[in-house]
Every structure is written in structure tokens, then in C-alpha cells.
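Okay, so chain A shows up in both of these, paired with chain B first and chain C after.
Our next item is the complex of A and B:
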């Protein structure tokens, strides 16, 4: 054995890894170009591509495998027909109507769709059928192996993926360069409102690009099935997450606006992936992890945080962005005294009734459901803190909740320490992780913050949970006892519910105190205008670290309680990142700005599917994903949440009725006309 | 010792020299103008003073302390307040909230738990203080108005009020007249002059509107192509032929 033989071996490995990397990268490139296309034309950062890819792949499976259609016709329907049609529908029915909204609002809508679309598809196509969609490729005999230059093996699937992607990229490049549509798309990207002022109808531009990008997503959805290990043998929308994340990393290399950069970025990341698998030694645990599931998340996170182009993009924004109307004040702040007392009496009566029923009449099932809703209310208050007070979207609250749950478990199992202490320690760890995480990502804000936190959540899910110091060992199981402290045993259902309610009250009060504190004021100022806030001495990073770690701590407390309630850490059922997306969607839909909003979301999350969907309507519980997912569309118009919006409307209505009874008083102090003054008008109407 | 000093500031952007060895100084309670045509480097200098940009060479001093590398909020806490050319207000908040925020953040204790347990609802004394300032700026009775309901001129006064609530020793005004008509500008200048003489803070006015600078400031610096071309008592500067050639041109000639 000489050095030259060894070197030749390394060279051969490198070349083989290169040829294996290209098709994988081609898949990334395809999805990355879809991202760029929709982002360019409608400003939508469409995380729902995973869902769209899933729908095409599942349609193909339904037609080809279950209904025995020939391959070509199944592909034709799934990719050429269904995918662009879906894109067109999404654009026509949803995104066209929100294209002047903020990027974050659009991101929330796409999250809702990511949750809703696959579930809706499964409900419609797969109704009453339990067996899952299988992962089947579209290339006949796709696993046939060819040898490039006589020695480097590639499968037919891989060759097909690469050729199709390159063809698509060339066609796209031609479209952008040589057509009027391409020129308009580029204009629309810069500032949709400015472009409209220049007389360009942005609508048909975005229709076309949505159909095209959805077609790409569908194509990727079916093409990537055989080459993607995360998809396994069962087709699930979550299986597309690693691809979507890698594609995001590729798209981020071109700041989401450069198609060539997205394509080359995708190919590059594909090659980097396989090269790392080939060359990085496997004996180091961290390095071994990096070759596998962790790589896409680490890449995305690193690119978002360190890529200078993104930092520059964060600095520059649409010049007309500031024209958006601000969120209106909370309904409660403009409520008259009479209304406030009335509302409080009603709330007290309601909670007393629920309490009497729970402790007097409810069976174990309902006590457990109510405990769950209290716990989820606590968890959702962390979203109230982060999104309602901080004004940002984070997709890793589920991870913090899991940290709290695992904290309680680890402390109880390893050191036999009280679960309450374990839960608090978990909360402290989550707060620390949140603080550390906040430093690189909070500066980004907006969609980049959301994506970086999603990358973190997926990293935790795919990598960290497997370690015994995080997720526990198979040997010990994930059991968690109920607590016993201050001489009280909380192991009975009723006692534990009381404990949870007490903690909910404490956390709720904490959230209100923070909202009213100087820190809360600083956060409101930062939301209004960051530069102005700094000019009055707000330390922006400090406020952000606080909001991130407080929110992480609250989520962890809720997660710990959930584990105690269920007597084990039900990680897969409760703390999956996909579940986390649904958490965000449901809280954002119902109201992020008040403590009530969080509690209502907690109740809706637990009770609504059980009571309304299942018992009253006899529907599948999965409809909740569809309902709340689509309800996320309302976020664009009512960022304060549907319940807050409803509250404001009913309050305005009731106060108008009051005002009518006392017409002289009502008109005395009220300024003339105008919508925004109705609340002031109503307020004067109720004074004696 | 001057209160606010910029010493030999040089700032380049990708090969373009926006500021070349510019030095200015402002005394306690003084009203100073900074004028120059578009692209002269006024805003760049302004941002260097405030900490939004870091100069490539030179230093910024405040009250004898070198603040060249301090972040924005530290400068604010030392006593540098500012307003914005494009109005930057906290959307969704009332007029009074703007002042309360500034006051709270200035007087905040720093410790989070104290802050949180302090039941941060505004105390009557604070509200009174805010309303008194609003009153003296001619915004009396508007405390509860949503900020969006204000006209541009009123918004600029709110910015001034917000800056004043941080108890500044010098306020930097970035083109306060932009977007205002003559009458509004005059009203703004009058209010500013009154409140400045009452409270005695220093004032650096970066302006386009030569008339405003001429009527309002004691001393003036003139920038052109990133260089300081002249400085001195405002009336003298306005008569300087080089200044008139570079910037004032026909406008002043026509006015006289």
C-alpha cells in the first residue's frame, strides 16, 4: 500500500460522492427555485411547498398504485394537472387578496396551509381508509444502476432527477430573461405597491408564477421520493421537511431573490452533503451526526445567521411598508366601566360553573381534557409573549416545551429530584437556550427569525432528542411522576388540575405584568419603530433576549406539566415540530395579544376537536387542522386575532346600543364621524 | 470643553468618500446648524454622531468622554436625543405613550424583576409630566389621540417631545422642515425656539431649509462633497460667497 494508491482511492471517493450529490442537489434546487419564484412574485415565503409536494406524490400513489393507472397518466394528472391547479387556487383564493400584507402575515398563512392542506387531502382522498400513502417513485425500474465512465454508479432515478431539474432551470432562466412576464416579475419583487402605482397588474404575474412554482413543487414531490431517505416507505408531509429546509438554505444563498443562485446553491448543497458523508470521519459523534440528519438544519441556520447578503436584506425594506395601518388598541383598553364589570361577572360565572361541573360531575375523561386545556393555555401564553408582545414569529416553542418535559423526566429519573424542581430546571434550561438562540436570530426578525427557529426545532427533533441526556434512554422509558410538594400530594386528577390552574394564573399574571412593565413598553416601542426605540435608549438586544427567554421558560413549564399529566413524555404525540406549527397557527388565529387569547386557544386546541368536531358534528378530529389552518388566512386582515376582533365588534355594537339610550350624553364628547372614534364615542355614552 | 465634538471624521462607502476629515463642535445650550446640498454628507455625519454609523477615522466626544464606539442607546442615556427626517413613531400607541415610553426607559431601574413587579401602570405624576410637555409644545389635550391621527407637523413635535423626555443635553434634529409648508415650518421653529430657551438643551439642526437655519441658529457649519467648506456665526456664513456659490446660489440672491 503506497500513498499514491490511497490518494487515488480518496479521489475516486470524491468523484463518486460528486455524482451522487448532483441528483440530491437537483431536488434541492427544484424546490429552492420554487421558493424564489413565489417569493419574488408575491412576497410569500411559501413554507406550504412541503404540503404541495406531498399532495402531488400522494395523488400519484393514489392513481398509480391504488387505482392501477399507468405511470404516464398518473404523472400527468398528479404533476401537470393537480399541482399547477393547486397553485392557481392558492393564488386566486388566498394570496392575491393579501399581497399588500406584511411578509410575516403571509408566512403565517403559508404555515396554516402547510398544516391544513395535507390533512384536507387525506380527509378527501383517504376517507375511512386507514392505510397510509406509500412512497413510490415515478421512473420505471428507477433503481437500475448505470456506471458513469465505467465506474461511478448512479441510478436511473438520479439521472432522471438531474436531467429534469436542469431542463426546468434553463426554461425558467429563459422566461426571466427574454419575456415581458420576467421583467414584470422582477419589478413586482422590488415593491408590489410601487409596481401597482406604475400601472402593472401584479395579479396575472403572480398567478402564472404560482402555477409554475406549484408545478415545480409537485415535480420535486414525485421525483424525490426514491432518493430521499427521510421519506422512508410511508409518505408523510413531514418527510419533505429536510428537503424543504435544504432548499431554503439554497434559496437563502441568493437572498430568496436570485434564481441562478438558488439552483447552484441547491446543487452545491447536494454535493456538500454527499462529500461530507464520504470524507468526514464517523468516529466523532458530532461529526457523524453532521453527515446525517443534522446537516440541512445546521446549513440553513448557518446561512441565515452568517450569510452577509441576508444581513443586508434585513436592513433594506419595501419603502411603502410603513403605510400599513397599525394594529388597533386592545378592545379591553377602550371598554367602558359598565362593560368591564359585566364582562368580569360573566367570566366569573362561567369559570365557577365550569369549576363546579368539573369537580362535581365530570368523569375522568373530561377532567383530563380540562387539565390538558389548562396546560396548553400555559404553553400558548409563551406564544402570546413572543408573538403578541415581541411582535415576532418563532416556530420552536414546541422545542422549549419538550425541554421542560424532558427536564422534569430527567431530574426525576436520574437523581430522584421532585418533578416540580425538574420542571423549573427545565424552564431555566429552556430560558438559557432561548437567550443563547436569541442573540444570532433576533437581529434578523421577520421571516428569517421564523425560519431559523424552525431549523432549530427540526434540529432538536431529528438530532438532539436521540441522545439519552435529552430524550432519555429506552431502558428507563419516559415515565414522569406527578408531583408532591409543600406536603400536598398532587397525584390525583383533581389535585393536579388545581395545581395547573394555579400555575396558569401565576403565568397569566406574569404575562400581564411584563406587558405593563417598562420592558413591555420597550417591546411595543421596538414593534413600532426599531430606530426610534433605540433613539430613546431602548436596548434592543436586551429586550429581545428577555422576551425570548421568558417565552421559552413559560413553554417549558407547560411542557413539564403536560408530561406530569400524561405521566410520561409523549414526545412524538405532543412535541413534534409539525405540532408546533399548528400551535402557532391556532394561537395566531384566535389572538396573540391578550392572555385570554392564549387561554382560548388552549381550550380550542383540546376541547374543540373533542366536543364540537367529534361529538356534535361527528367529524374526524383531523378537521381541526383544516379549519384552523385555513383560518390563518384571517391573520392578514386581523393580526390581533379573530376573538379579539369579534370582541371589538360586539363591544362596539353593545356600546352603540348604550349610546342610543343616552343620545345626549353620547354626542356631547364625541368627535364627528369616523370609524376610529367610535370607541371614544361609546365610552362617553356610558358615563353617568 | 465643548459638549458634543466630532473630530476629524472620515467615512467611506465602497470607495466613495462621504465625509473627509470633518470636525464640528457644539457647546452646552447652543443652537447650531449643519447645512449643505444633497449628498454633502449631512446625514452621514449625523449618523456618525448618533452611533448608527461608525466612522473610518476620527472620533466623537460627548462631555469630555470618547463615545466613538458606544452603541446608540448608550449615547441616548448620556444625553443625546434625536428626531427623524422620515417620521419614526410607534404605530399603534397613543401620543402620551410615546412620551411615557421615553420617560420610563430613561428612568427604568434596569433590574427585570423590579420592573415587572413595579406594576408598571403609569403613575399620575408621570402622566402629568407628559401632559405638561405636550401642553407647552401646543399639543395639549392630544395625549390620548392615536399617533396616526396627527398631522405631519404635529408628529414632528411628538418626536421632539419624545426626545425631550429622555432628558437630553443636546437634541439632533434631522431635517425637521421636510414635508412641511412655510407656515408649518415657522410654527415649528417658533415652538422649538421657545422650548429650547426654556429648557436650555443644545440643538444641532441638520437642514435643507436655509431660511430656517438662518432664523434659528447661532452658528452654522456648511458641508459640500463631504468636506467642511466653512463655519462660523450664522449671519456671516450666509454672506460667505463660497457658501452661496456651493449651495445657496440663486435662492439667497433672489431673496435679498
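Our next item is the complex of A and C:
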């Protein structure tokens, strides 16, 4: 009797949790399907989805809540006009021109857009003129409650979201399976030129696909507002981020191509969430975490790493897809001796001038800014190692930097040990974590590697940081002293800057050594073709583990120095995973393959917004996100970075000028096809 | 990587490790930061040396044309004699013959909380208008000269820039986190802020609208509220990704369990500190569990986003009328009016005497006069209170004030309640966190709470004229609170 009552209770709880999970799952499903739709119709893993969703929701908010437009007209503008128009613009201005680029290049561009679009929208409509408070849904009386089977409550908003999800899944599946248009959309994604041979206007099909997917992003944006607490209170783009990440797990279930799988994945995610919260006890720390903040990231990571379909997708990809021509030689390697001397003299003069100004005239604020730029240069060199040398995208460098910062803090606070030792210990821990993390994810590559590392970063952010053994104690603060080193007290800003510069030099040399070492050559070979590289004896896993752990260690050293410079671990200010996305964007825009590129990114990250945007141009600091975000588009055309590209162009120009001045020498002394016109010139020869 | 390279790397690391172990950490005596805190001894000036001739500010000096002309004429603050004494001052940042300038650092953009922090500036400016309309202070006007945007967590560089520009007497801070605290404190900048951070503790130059408070400590308040509303079964929520929220929730749980017998056998039936910020996964299972267990009062350490999500789920599960929620952060009139049905009958904690309370406070009267036409927010009052504290500190420092004498004057205020609008603070000893130093606690632990009725607030604690409910801090035994006022 007791057992049967208990079983009935469990059954009742399970059924109730099922119905409670469906509305949550509908939100995930909507986002997951929009993801899949974009990927299916464009081949782009569109992390800017959240930005597109935000723009429609914010437009609706602006019109309906702030300007009192009727719901229907605000929806018409925000979802039916603005969202497709945004999709059209993205396709026409950006993605059409990167169709043949790698998936990683498109991912980087979408990251740039994720950073840039919301900020641009806010600047255009002066969105922050007052707090975006009190957003509402698009369904009239959306909070009206109905009871399924007379007992399970559901709101009109939730019913609408669910119905739209199911209807969209059916309609889109039918579109792709049974209609000529669907076939053409798929064909255009795979080969626009071949499709055009059959008389299909690939341009318009592609534009239409983007408009459709953007429409769904906009629809998801407004539908999520009433069902997501944070969006309904203050409508900010960051509110979409956790939902998008959770929905990625659902999209991954369908390998980003199956709409029904994405729908079922989303619903399943919602139901699993509520079932766990119903049946799993909360008095155990690990189980409690798995019900709460950790759940979406653990699921995402687990799906990416263990889901057979994804493993098959990675293994079964087009073998030629992973075969890339080796990256062109660096501009510095092909310039003339005279040019090299000239460049070095100019660089020396520049740094001497900066040094004189810094130590002779700059106030504490500018010394601090310069120190920050040196430290961020160090951190960004970790991206140079992983992305520039390794050819992969990781979105967790910010986490490794945080580990270095917390390492310095913990050693100093708990054991009164030198922060330098703490920083190095943090670097060792980060390197070890990087090595361990690399083992399950290294074979993924491309976008899956990026997403898996993002899941790890978010897990650290939402789960681990709050534990005192990681993030310190609330009651002791996160203070970090500056070091004494070789009898020198580095507590003054000037001395600490000198220390940071010295470490930057050491790290820069280390990066160059790695680049020129057998590991660096192995990485270059792996970038070209992993299979071919292995056939000549390159051990791919070893190279990948080394590059992952070295990169993590460098980031951690930078993080430790940053904590010392700020005298505390400003985790929320510096190490948020979304901040890390911008780090990647700014480095890939300026140059991932050279130490110089990393340093210039560090300077641009810190000095550019303060000096150029704020003081010279009087612009809002948000413009840096817009400028560098959109500049990420250049990654597809110039994966070496804008600065390296600029160097090649200027070098080629100088050499052409030189050739014109000495035509006789150029023609008489050089064999056919050679001469001062080098790879650099060839590189720029196809420029429009 | 070649073996040679490995050896080089390992060698370099070994050398670094050896050197590092031989080194230590520098002290915190920063760089070229200006000397902190201690006031230059005014006794250096011989008593018989004539002070610079004080000048009365001319009564007919025109005020700021842009200042509002409120009706009716405001009651002047109760002036000490020297309020209008003008003494030329040189070398004090932000002070000239006409103005006393201050800077604010406030989270204006990127604020993801429901709390409108930017309203803090409105409160400061309203108070400065009030003082300037009644003649200013020491022949000068108070001016909020520079409004810096923290842009969410970027207050450290803003603080450093402010210190280096050196053109403000004081800083006013309202940010979600306060990373710039040490920079301002070490530079000796008198700083007034929205005290929700530990960074306000243990820093002599930094003052909050309230004193550093005991976080997670056992408090009779929580079981007392339950006894007042007739509840005996508690549910408690805290965010799983915020240590602050978790400690707060644990303190609530411990308080209820500690006083369980005295509070009619009250029990904690539900405790969850695993929910994620943003609540993308909702709280339906948790509400079902609470309903099953008969929870009749819910305490949380959440922001108003979270409160709304829980309330929506309570309504969905037809359980809203059977439970009272205690809100720590929902004193927001617009939000509550927009969600009237969700929060009917709930209790909301307020850090100061609410706008709705009946209290004899000229400062509150002036607040209403000078904020007319401004959307009133919690932060408007916090800014007003901070500006008032700044003004009172200036009065205490005298007409020849500087940063250090301002701080010293404030640290002599041992019974300061912003004219009754806050619990009385002893700034001379309430510097550290009571968690670390019990002597730094309030004399009375008091609450002020309002009840939500038809989308508006009604005073719930105390009695007319005495809005606070207070317990003596030194008494740990269960005892009835006392209705108090700190005005007058």
C-alpha cells in the first residue's frame, strides 16, 4: 500500500515536471531551431543570433513600451520588417562575400557581430537614455492561465511559444523536404555556382534564406521576453546569452542540421531540467549544482564530446575540408634588409619615445593604462599561440587568465607566499587544466572546439568561481599585493610596469621559439592537413596538447599580472566569458600570427578607446565594440590580421617604388618571374 | 618541440621558480598615491594668528539660473553660525571661490539589474539644489561636476582618472561592484556611496548611506516577520552563482532554525541556493515542492527579476494567496505597480524610512519638494542621503575644510541617522564588517518594511512617527522589537 502510494506520488511528480518542462523547452527549442535554420540556410554557425533576437525585441520595446505604439504595429516593424531587413543586410554586406571561407572564419565574424550589433543599435536609437525597464510580450493578456487536463497550468504566452515552435518545425521541415525552394536553399548553401548553372538565382535564394532565419531570430527575441525573467525586467542583450548557450545543446543534438531534432532537443532539455529539479535532492553540493547553474553547460559539453552524431560528423567530414594551403609567410620574412633595419630603427624610436613619456611625464592613470596594455598583450599572446599557431578557436582563454589571477590571490592570502609564485602556480594549474581539457575536445576542431571551450568557460564562471577555494571568500575580499622580486619592490606603478614589460619580452620570445620549433612546424602542418601531417610522422595529439597548455599558461600569467596591477581580482570586470569573446575578436582582427599582432591588440584594447575614442573623438566607449566587431568581418579575407595585411601592402608598395627607381637593376639583375615582387605583392595583387 | 627547446624552457622555469621563492610581496604602501586620511593637524596654526578675514556670502548673490524654483519656499536647513562664512581656500581639489565640485561614478549603461542606479545622480543633484537655493555652504555652491559612467564594473579606471584629474573634493559612488574602492580610499578622497559591498568596510575614507552590516548573521527579524503574518513554514531561495546571495540565504535559514521554538515551532521546509541568475529554467518544480510541503512564507536573497519569476509561478500554480513573500530588493514603485497582482500582500525591505512612512523629518520634506517631477527611485533617496552626509561633514569640518578634515569630521559623527531617515550610525566605530569585528555593529538591528497593497506600498513596520522596528544587538535572546524613530 505504502509502496504504491509512493509510486503514485513519484508518477504524479514526474508527469507534473513533464508539463512544467515543456514551456521552458519551447523557449530552448525556438532558439535551437533558429540556430539550425541559419546554419542550414547559410552554413554559418551564427553566434550573433542573440544579437539579432535582441534587436527585434528592443525595437518592439522601443515602439510599444516607450512610444506607445499598438502591439500589432510594433510587431510588424520589429519582427516582420526589421528582422528580415537585418538578415538581408548581413547577407548582402557580409556573408555573401565569405561564402567560401572556413566555418571558423564565419564563426569569428558572427562573434564580431554578436559584439557589435547590439551596441550599434543602442547608439543609433539612444537606447540607454533611460533604463530599458518593463518589457512585455507580444501576446495580448499573455499571462492568462489555462489548465491542461484540468490541473497542469500553462500561460497563454507559453502556449503561443509552443504552438509557434511546433508549427515552425513542421512548416520548415516541409519546406526543406518537399518544396523546390527548400531544395534550392540547401543547394545554394552547398554550391551557389552549380545551382546557378540550373537557372536558379543563387543570390536571391541566399538573401531570402537569411531573411527567413533572421525573421525567426526576431520572433524568438520577442517571444522569449515574457518567459524569461531577466529580459522581462531589463531588456539587455546579455539576457539572451544564457538561453542561447542552453539552446546550443539542443541544436547540437541535431548536428545543427535537423530542425525536428533541434525542436525535440529543446523540449527534452526543458523536461530534463524540471525532472532533475523535481527528483534530485538538493542537499548534496554536486547534485545541487547539476540542477542549477551547471546543468546547461554540462549538457552542452557532454553532447559535443560524447554525442555519436557529432563524432560522426567530425570524422565523416569532407576530407578536403580540412586541407588548407599553408598560410603565407610573414611579411617580416620577405622584406629587404634595408627595410628591416629601417623598421627596427623606427620601432626603437617609437618605444624610446613612449618610454620617455611614460616614465618622465605620464600620470598614474596613464601609467596604469600602459601597464594594462602590456598585460593584455601577454594575455593576447595566448590567443596568438592557440589561434595563430594552432589554427583553432578557443573561447576559454579568459578562464585561464582568471585561474592565474585567482592563483596569485590564493597563494598570497592563504599562505602569504609571493604572488609571483602564486601566478606561476596558477599558470601551471591553467596549463594542466588546458592539457586535460584538450584531450576530449582536440579531435573536434572548428566550431565544435570553440563551443566546447565556451561551455567550459561558462561552467567555470557560473559554478566554480563562487567557491572560496577558487574565487576567494566574500569576507576577505579579493585583494592581491604587488611583488617584491630580487630585492626590488614592485609596489610602485613604474617598477611594476617595468616588470610587466620584462615578462612580455620573455613571453614574446617564448612564442617565437615555439613558432620556430618543431612543435610550431608540426602545428603548421596540422593546419594544412591533419592526415597528411600524421603520415609524415607528426603526432597530432601531442602538438595539440602542448599548444593548448602553453597557451593556457600564458593567459594565466597575464591574468596574475592583471590582478597585481589592479591589486585585486576584478573577476567581473575582466574575466567574464563574454569579455573573452571580445578578446578573441580584437586579436583576430589585428593579427593572430605574430607577437607584434598580440601586442598591438593589447594596446588597441586598452589605449584606443581611452585615447582615440574618448579623448580625441569624444565618442562613447561602446564604439570600440562596434568598430572591432565589424572589423572581424575582415578575418575571412585576411586571416593573418589587418596589421599584417597592411604591412604586406605597404611593403609591396615600397618595393614597387624601389623597383621603379631602379628599373635597370630590376630587369637586368633578376631572373624571369622573380625580383623584388614577392609573396607580399602577390598577396595584395588581387585586392579590389 | 625540440629537446633543446624543452631544456631551455625548463631551465628558464626553474630559474624563475627559484627566484620567485626567494621573493615576497610588497606592502600596500602605494606608489605616488597622495597621503591618506589623517587630517593635517589644524593646531599647526597658532591660535592667536588671525585667520583670513571671513567673508559673508552676499545675501543677494544670484543663484544658479538653471536651478529649479520650487514651490513652496523650502525650509532652510538648521544652520550652524558658520555655514555662510566664506574663507578663501587654495590647494583643495575641486574647491574655488564659487563652487565645491564633486564627481560621481555610477553604473549608468549596461545595468542588467532592475534597480535604476542612475537615479543616484538625481538624488545628489536634488540635494545640491536644495542647499544652493538656501545659500550654499561657505559662500559656495555644491556642484556635481562630473558624472562618470561605471559601464558595469569599470569603476576602477574611472576612480583612478578622477584621482589623477584632482578636480573634485569628493566622490559619490553607486555601482554594482566597487573595484575602485582602494584607489579612492588610498588617495584620501572622501567617498560616499550606495553601500551594498564589502568594499565599504574597513576603509576610513569611504562612507555609505548605511554602515557595513552583518552578512548572514543570525537575526530575529526573519522569524519575527513570520510570527507577524502567522506563517510557520519557510521556503528560502538564493542564487547559486553568487556567494553573497548564498550566505544571505544561509543566514536566513540559520536565524529561523535558531529561534524556531520561540517562533511557534517555525521550520525551514524548503531551501534552494542552486538557482541560476536569470532563471532561464524557471522555478516550477521548486514552487510545486513548496506547495506540497505547505510553505507559507518565502524569504529570498534575489533581485526583483527573481522575485517576479517566483511570483509568476506561484500564480500559475494557484498558490499565490497562500504564501507571503519577503522581498529584499523590490522597493521600486514602477515595478510593483506594473506587477500589482503578482505581489499583493508581500513585504518589502527598505534600507531607509520609506517614502510612505509618517515621520517628522525636515530632510524628507525637502526631499519631496526637490524631487518633484523626478521619477522617485530607491537610488534617488540613496543619492540624497549621501549628499546630505557630505554637506553635514563639510559643516563639521568648518570653513577652512579640506579632504582630510572632512573625513575627520565625519568620523566624529557617533549618532548619525540622516535626520531620522536611517538607522543611527556611529561612524567613529562602524568601519569594519561586523562579521569580522562585532564591535562595529549597529547598536540596534532595525528593519523598515512596507507592504504591497494594490500595486503600492504601505508602511508595515513600527507605528506612526516611529517607523523602525529594532532589536538590541547585544541581546541574543528572543525579545519583542521596539518601535523607534531616529529623528530629532
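The rule is simple: the second predicted complex is superposed on the first by the 623 of 688 C-alpha atoms of A that agree within 3 Å, B and C clash if a C-alpha of one lies under 4 Å from a C-alpha of the other, contacts with A are read in each partner's own complex, and residues count from 1 in each chain.
Criterion: contacts are C-beta pairs under 8 Å (C-beta built on N, C-alpha and C of every residue); 3 or more make two chains touch, one makes a residue touch a chain.
These numbers come from a predicted model, not from an experiment.
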Inset, instruction - Go through the superposed model and pick first if A:513 touches only chain B, second if only chain C, both, or neither. - result: both
Inset, instruction - Name the contact category of A:536: first (chain B only), second (chain C only), both, or neither. - result: first
Inset, instruction - Would you check which partner chain A:596 touches, where first means chain B only, second means chain C only, and both and neither mean what they say? - result: neither
Inset, instruction - Classify the contacts of A:567 with the two partner chains as first (chain B alone), second (chain C alone), both, or neither. - result: second
Inset, instruction - Would you sort A:419 into first (chain B), second (chain C), both or neither based on which partner it touches? - result: second
Inset, instruction - Have a look at where A:365 lands relative to chain B and chain C in the superposition and call it first, second, both or neither. - result: second
Legend entry - Touching partner for A:524 - first (chain B), second (chain C), both, neither: first
Legend entry - Which of chain B and chain C A:546 touches, first, second, both or neither: both
Legend entry - chain B or chain C, by number of chain A residues touched: C
Inset, instruction - Touching chain B in one complex and chain C in the other: list those residues of chain A. - result: 510, 513-514, 517-519, 546
Legend entry - List of chain A residues in touch with chain C within their complex: 13, 16-17, 20-21, 23-24, 27, 128, 130-131, 133-134, 143, 145, 153-155, 228-230, 232-234, 236, 238-239, 242-243, 246, 270, 273-274, 277-278, 282, 288-289, 291-293, 295-296, 363-365, 368-369, 412, 416, 418-421, 424, 461-463, 465-466, 468, 471, 473-475, 477, 479, 481-486, 489-494, 506, 510, 513-514, 517-519, 546, 566-568, 570, 572-573, 610, 621-622
Inset, instruction - State the interface residues of chain C toward chain A in the complex, per the touch definition above. - result: 1-2, 5, 8-9, 12-13, 16-17, 19-33, 108-114, 116, 118, 151, 153-154, 156-157, 160-161, 163-164, 176-177, 179, 182, 198-199, 215, 240-244, 246-247, 271-282, 284-286, 288-289, 304-306, 308-309, 312, 315-318, 334-335, 338, 433, 435-436
Legend entry - Touching residues (chain side chain B, partner chain A) in the complex: 50, 52, 72-73, 76-77, 81-82, 84, 88-94, 97, 100-102, 104-106, 108, 112, 115-121, 144, 146, 148-149, 159, 162-163, 165-166
Legend entry - Residue ranges of chain A touching chain B (in the complex, touch as defined): 325-329, 510, 513-514, 516-522, 524-525, 527-529, 531-540, 546, 676, 680
